[in-house]
Amino acid sequence: MFFASDNSGPVHPQVMDALTEANKGFTMAYGADTLMDEVRARLREVFEAPDAAIYLVATGTAANSLALATMCQPYETVFCSPTAHIHEDECNAPEFYSGGAKLTLVPGSDKMTPDALRGAISGEETRGVHGPQRGPVSITQVTERGSVYSLDELNALTATAREFNLKVHLDGARFANAMVALGCTPAEMSWKSGVDVLSFGGTKNGLMGAEAVIFFDPEKAWEFELRRKRGAHLFSKHRYLSAQMAGYLRNDLWIETARQANANCSRLADGLREAGAQFMYEPDANMIFAALPRRTHRVLHDAGAVYHLWDGSLDGDDPDEMIGARFVCDWSITEQMIDGFVDLAKS
Amino acid sequence: MFFASDNSGPVHPQVMDALTEANKGFTMAYGADTLMDEVRARLREVFEAPDAAIYLVATGTAANSLALATMCQPYETVFCSPTAHIHEDECNAPEFYSGGAKLTLVPGSDKMTPDALRGAISGEETRGVHGPQRGPVSITQVTERGSVYSLDELNALTATAREFNLKVHLDGARFANAMVALGCTPAEMSWKSGVDVLSFGGTKNGLMGAEAVIFFDPEKAWEFELRRKRGAHLFSKHRYLSAQMAGYLRNDLWIETARQANANCSRLADGLREAGAQFMYEPDANMIFAALPRRTHRVLHDAGAVYHLWDGSLDGDDPDEMIGARFVCDWSITEQMIDGFVDLAKS
Amino acid sequence: MFFASDNSGPVHPQVMDALTEANKGFTMAYGADTLMDEVRARLREVFEAPDAAIYLVATGTAANSLALATMCQPYETVFCSPTAHIHEDECNAPEFYSGGAKLTLVPGSDKMTPDALRGAISGEETRGVHGPQRGPVSITQVTERGSVYSLDELNALTATAREFNLKVHLDGARFANAMVALGCTPAEMSWKSGVDVLSFGGTKNGLMGAEAVIFFDPEKAWEFELRRKRGAHLFSKHRYLSAQMAGYLRNDLWIETARQANANCSRLADGLREAGAQFMYEPDANMIFAALPRRTHRVLHDAGAVYHLWDGSLDGDDPDEMIGARFVCDWSITEQMIDGFVDLAKS
Amino acid sequence: MFFASDNSGPVHPQVMDALTEANKGFTMAYGADTLMDEVRARLREVFEAPDAAIYLVATGTAANSLALATMCQPYETVFCSPTAHIHEDECNAPEFYSGGAKLTLVPGSDKMTPDALRGAISGEETRGVHGPQRGPVSITQVTERGSVYSLDELNALTATAREFNLKVHLDGARFANAMVALGCTPAEMSWKSGVDVLSFGGTKNGLMGAEAVIFFDPEKAWEFELRRKRGAHLFSKHRYLSAQMAGYLRNDLWIETARQANANCSRLADGLREAGAQFMYEPDANMIFAALPRRTHRVLHDAGAVYHLWDGSLDGDDPDEMIGARFVCDWSITEQMIDGFVDLAKS
């Protein structure tokens, strides 16, 4: 019963097979492998973006930081949610990679609204040379609270960025989960919705450690390559990043694993609802934020369940106090695991 | 016939097995996996360093840059060879990670000498606050030209650093190859020779992409962890880095692959010598820098051999002109491949 | 009628005299001038801090950025008010100088409260290595809205920082104005209240361009010197910084000019109050934030008065709409200027 | 007898007068003062460059670092002499301001030659993404060894940069001294010779602390302004920078002080020659590098003369050993001072 994170599960067998298959003979290093040609071609096809510049890195933080550093000058500020991964969970990596740019937090507790974004953008660049200049907008889809922007919502945000001639980055660490939730195409949830640069996640959805960065306009491709190298994220044995991503894309595995993860989450959400959980956010994809009584957490904990408490702790006098928690499902979670967990939660 | 680099060959089967074995069920992310416990314990044992702080990253540039950034203030300068990887092949990554430290090049064309190092160190910090302050010394073992420092040579360099109270970093991307060449222990070629922080390579010696950074004094361990995260080099699915390194250490595989690589190189060197090659450096480990006539390169090239010309090109009027080249062997090169290559070179 | 800023007025004659007096013959450069000895001795005496390390720079942003960079690691975050100069008015200079540290904004619209500060600090470092680590607290006294923390308020904030073992920086660009407002000693408003490092302003209070950075604990003095040089803020003809600061300190000129500025502000505030101004903040020192009807602004503007509108503009249909503005007084504002201005405001 | 540096002498009276004159009433801050209009217009006229973007900062290191940071990406390298101020005397400021760019040292001991520069440029960018990319060339005129490039030499260097499409920065901390030595126009020694961005020194030639940065192509003007602010080098009371520079330009004072400094140097060189000094470099402008016997240095030292020994020290057994030293003249050195010094050197 492991709902701690979608980075806790195993690599999908199809991806392991692709790695094994790639592990033969000699290849050119540093991205000149032929598997990368396959990846590039397939992602361009999947995204209906024949000119896109596409690169692989091994961590989501690298994807985000390198993308933003390429989009942003050090005297600018990036607009993002206070709950964005780039703000809360990357230990100042965007500030580091950008050479000291700022992050301006758009007020809100989960999804950004166009009004809040417009307000935040309007609030900057009011002091000429004295304050940071307006830089890119970074949107997280799925959000860090498990919500999914509809295409309309996404378009409204990117349109707001365009009002100020700002570029848009999408942190798609869980891109597939969101896309499955919306039932749209990759292009619709990216460049057709006004996204300029995409961190296309794989690690949380069945890969070992591989993310793509997709520039729909390839103008800054070479700069990205230099920044990736300088950031120590250019892999010599690059074929193993390529193999992961190739395996991910073959037969739409990436969509299938996301569908499974979302379905797992839905089943878990239904069960928790029946168990009396109070939902903090509507679980749109594969993450649940919900509160259960302390005594229920204790039962789950004692049975070996692993997940993160979001506020409060197991210790405390009141067994009935509702304590928030985060539950994340990846593709590898089984129905049996979910049902056993729910049974405990109901007990 | 692929002698382009030791990052061109496949992952060793024992390492693939370790990855497959690790690919079961759920684990804690970000280095809290139990395999990392095995790695840590084993490396401490191998290096006779029970207090060492040990971390994994995926690229050699990350290992070097993060190690140096932890050892060096931005107003300091790192002493290294003009041929050091950190100077020539990391696109300013050390400057980036250190926040703008300088690299002072110790005059020479391959191995640093104590006198040259002493001269370089003495030349800095002569201007008080105006020039950069003396920072760590970084030594590359095996050097980028295929040479191996003897333990005496290594000790003489680190003693020179100590004269000035400077710390020593060892770029051991090919640590195993050097150690096998010297026939010494890991401890002898590191902390017993005065090395403070080691980049312990794995990728060039049979891994997919995993390097250890070893701090023999753990004082700055936590700082390193923060810098690794901030540099986007903390892997969520860290168990796959651990599994590689665990597989590498089991049954001394890492020594065996290095021994094989060096033996391959030795066989190739003998053959090239017979073929009339002129050696630019003595091949101490698994790399050869040697010149062959242009016509020989053409024959090899036409037969599909892959390696890097070091100076000059295949084009040119004089078929007898000697053109330098680099030939690198990893563990996976076969005798058949070498002998076929040598036969061509002799033809 | 110039109330735009306290950086708009002239240099005090006593300071010009000190510059002229210093302009004789040869001196050692880069801070080795004997005038700096006088400055150092006098500031140590004034602050009852015989061990303090004391440096001069030419801009307030340099003082703040260099102080914070010396106090803060790049993987940490600085706690400050959303209205702090370091956040709003330095174009990412603290992020630049610190090598990419973050600024965590303590909720509030002017003075920080201990509770809000405690909440902000508690909110960081909850994610181990993933989020930024807690760095120094930076307090602005006088605040950017013209408020002055009482000594009790100041102590409560620094005590909050101490709860978490954090250091405290005080941005004292208007230190003298605050001190005069409180009627306390320099030591009371700095180290006796828990301040570790002080940006001691001069430019806004009669100097040409000189600020002191005072480390009450000199441990990081040499690091500061290196960071100052590397930041291009070490003046070769340093004697002219020293002369300004020496002239500032002689006969307590700095207190006298601040007293005059505050008195000017008080006179102006009284007049504006009579003229029906609505005060947005209580003017504790030498700055007023107050709203007047649009028509009054128009009258003032047409008469040549210079000051910053804070919200809204002269253009607009409603002549009675209240429009906020900032009025700043330095020592050089005359009673005549104030009274003429008030007369217009009343008209 | 003070020959330590041209930053040791006083500010020229005409400049002090300009400061005093500027010290009246109120002005707009941050460069919006009308004196800056005068400076801008006059420098454009002097340099025959009506479109030039012109900014003032207070230190030479700031001028150089900000200029280079605006011209250079962090993954590039700046080409300069091993004796360049930006390399030896700025404590990594260019690396800091550029966000971690490298400096590639063009072999040589004083003036760069086109061949050495071409070789250095050719040596970079030979490794694709792995090494730093070619960035701007920075030339120092007067060099740090007191030499002056002829216009032909300057043109040959900038032509070499153009071969590779690289921009050229000129560190003109002693621009006026070089121009006077060559007897050419400002335009001839800058944009007409292929210089793109100029650090136009003033501090070493009679100012208190003011340097201009001149972009002959104003394309990056706004970026420079942001970098200057972010670097904490935008002065609030900017009029006092403007006043210095205005005073410097009026009646060609800057040319007159340089002429006087060079004449002083020439007189000193003649005297030292007669005293048996061995010249290490030909003193083309206002600096002399020459060796005198240790006993002579002792005589001079005991008489209170101040200058920097370049190698060796006063201590030593051999009174006849020749010890190199640097002697610098500014405009304020008197003939009496020189003659007295020479008399001692001859004694």
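Per-chain residue numbering starts at 1, and chain names A, B, C and D are given in the order in which the chains are listed.
Throughout what follows, a residue touches a chain if its C-beta (ideal position, glycine included) is under 8 Å from a C-beta of that chain, and two chains touch if they have at least 3 such contacts.
Note that the structure is a prediction, hence the values are computed from the model and not measured.
The chains that touch chain B as well as chain D are A, C. Farthest chain from chain D, judged by C-alpha centroids: A. In terms of their C-alpha centroids, the spacing between chain A and chain C amounts to 42 Å. Averaged Cα coordinates give chain C a centre that lies 34 Å from the centre of chain D. Between chain B and chain C the centroid-to-centroid distance comes to 51 Å (mean Cα coordinates, whole Å). Across the assembly, chain C contributes 74-75, 90-92, 96, 99-100, 129-130, 133, 226, 229-230, 234 as residues in contact with two or more other chains.
Those residues of chain B that touch chain D in the shared complex are 74-75, 77, 88-92, 95-96, 98-103, 105, 127, 129-133. Taken together, the chain C residues at the contact with chain D in this complex read 2, 4-5, 7-11, 16, 19-20, 23-29, 57-62, 65-66, 90-93, 96-97, 203-204, 208-209, 226, 229-237, 240, 306, 332. Partner chain C is touched in their complex by these residues of chain B: 30, 73-75, 99-100, 129-130, 133, 223, 225-227, 229-230, 234.
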